[in-house]
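Step one of this worksheet: look at the structure below.
Labels run A, B, C and D following the written order; every chain starts at residue 1.
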Amino acid sequence: MAIRVLITGGTFDKEYDELTGKLFFRDTHLHEMLKLGRCRLDLVVKRLMMIDSLDMNDVDRGLILADCHAAPERQIVITHGTDTMVETAQVLALGLRGKTVVLTGAMVPWAFGSSDGLFNLGSALSFVQALPAGVYLAMNGRCFPWDNVRKNRELGVFEPLHTER
Amino acid sequence: MAIRVLITGGTFDKEYDELTGKLFFRDTHLHEMLKLGRCRLDLVVKRLMMIDSLDMNDVDRGLILADCHAAPERQIVITHGTDTMVETAQVLALGLRGKTVVLTGAMVPWAFGSSDGLFNLGSALSFVQALPAGVYLAMNGRCFPWDNVRKNRELGVFEPLHTER
Amino acid sequence: MAIRVLITGGTFDKEYDELTGKLFFRDTHLHEMLKLGRCRLDLVVKRLMMIDSLDMNDVDRGLILADCHAAPERQIVITHGTDTMVETAQVLALGLRGKTVVLTGAMVPWAFGSSDGLFNLGSALSFVQALPAGVYLAMNGRCFPWDNVRKNRELGVFEPLHTER
Amino acid sequence: MAIRVLITGGTFDKEYDELTGKLFFRDTHLHEMLKLGRCRLDLVVKRLMMIDSLDMNDVDRGLILADCHAAPERQIVITHGTDTMVETAQVLALGLRGKTVVLTGAMVPWAFGSSDGLFNLGSALSFVQALPAGVYLAMNGRCFPWDNVRKNRELGVFEPLHTER
């Protein structure tokens, strides 16, 4: 069965506006990234919104949850801004059953050449195929359950809340 | 516990020699790729050889198998040329027990800008963490068991020998 | 005799701060651009300031003029933000005699992969060698005398004030 | 009046064939390079041939000379492989009068990301506008008259035959 890919925006898809010198959203880069990665998975890609995750509110998260609910696919990857990725994961974890959802994003815009986005996309699409139902974050090559992860804003990386070893 | 990454060469690491106009191996690009991917996994990286997989012989495969055997790590990613990746996977599958080994590679050299290598590296490092013991190939976003995969040389993609659905 | 290259900042050298998601200046990319371009000119590179040209004031322009004056080189390339490049050119034109000065810049930061900066740098370094004394802007493959150029902010390109044909 | 750009192939336009692992020619990258450089010159671009300059023979050079002759434009840039660029320049110099011709090329294919091609293209298009009639090579940021230049194959750079200072 296909994997669903939900696009919500985030650093992943930011671009540089050469007229204003500001960053903005135009369209998703997901399709070119998948092409570059020679990805041959059966994917259903849906662009749900195109926003900075700092601007994401409860209504937006409700939309994401509703889409995951209604989707026939049982494996879902969500591209998302890193700043509130954990909050969205919590909403999904409390509202969803029986699906594997992996959120991922990027610290550097794909359009800026040196992005971690392609690495993370490969990672998220792999974890979603291999993990049991649940909500996860895939960043930095690692996969975190939704209830044991935080973004370390000083270092710009994700880490567990508590280490169990 | 750490993940072992074995480097054997392949298209992944090919470079362009501007004096001769030919492709050649100099050094691995794995470290810069991991840096670009903001990878924060605990990795033990070992450069075992640096060859085109068409030039890989039984002795080379014996070296790879021996290294996997001797390694304390139970999760191993191997970067490898795509042309004989399946052959090496078979050797490892028949000779190893109790370890998860994922082979991956690239169709386009990393140094050439438009590589699938970063995508595949993110994918392989994720599958190796999530899958049970066994030998797999991670290419094109997919993960194949060693005994159900072939390289389709006309299309330049990997596919299962038989589909079971 | 050597060509002097004065660095003042501008879009040329902007980078993406992955912790804040904002654009900022860290260091110049000129040296790596010259290396990438296999440039073999005898250059004297000086980083005079590192600012957005919208923030450039009369004192800054005085510094640039003074440096051009004092420099032993008679051919000078200045990397500069595009927004006030014309204003700086006017200051230099009124204050300098007997030197060829070419200002250039970029519409997209070099660090963002798809920059016009390398093209413009090759252009500016060439015009400065071939043109007689005077102050010019090199952008979009064209070279404009300081008193017949403006930035078209709607299109993001430079154009003559009046065309003489 | 427009500048003519003649495309003959060379490293400039080489690509990587991911099915065979070999370098080959498909189509020119000149148009995307000009777009990336935000070039706004009035150009007439003609693809004359698409070959490695080591494979270029007297007939090919005759074609290039004939095209330069017949062209209405008086300023001509030729993209060319570096190995025999000097030979072609000699043929043009002996057969042409009253036109400014600048040959340029690249040491690394444009498609491989780290090309000197964009830098050289900006350089050649600038020298051709500023120099008097004659045949020149623009490489490494420098411009050489056709009769005082050689490719140093050990270093991969162009240099004068004799220095006059």
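FYI, a contact is a pair of C-beta atoms (placed from the backbone, for glycine too) under 8 Å apart; a residue touches a chain by one contact, two chains touch by 3 or more.
Remember, it's a predicted structure, so these values are computed and weren't measured experimentally.
Look at the CA centroids: the one farthest from the centroid of subunit A belongs to D. Centroid to centroid, with C-alpha atoms defining each point, subunit A and subunit D lie 45 Å apart.
Centres computed as Cα averages put subunit A at a distance of 26 Å from subunit B.
Chain geometry summary: the mean Cα position of subunit A and that of subunit C are 39 Å apart. Counting partner chains per residue, subunit C shows two or more touched chains at residues 107, 114, 156. Pairwise, the chains that touch each other are A-B, A-C, B-D, C-D.
Across the interface of their complex, subunit A is touched by residues 11, 16, 18-19, 21, 23, 107-109, 111-114, 153-154, 156 of subunit C. Remark: subunit D residues 33-34, 36-41, 107, 114-116, 118-127, 129-131, 138-143, 156-159 touch subunit C in the complex.
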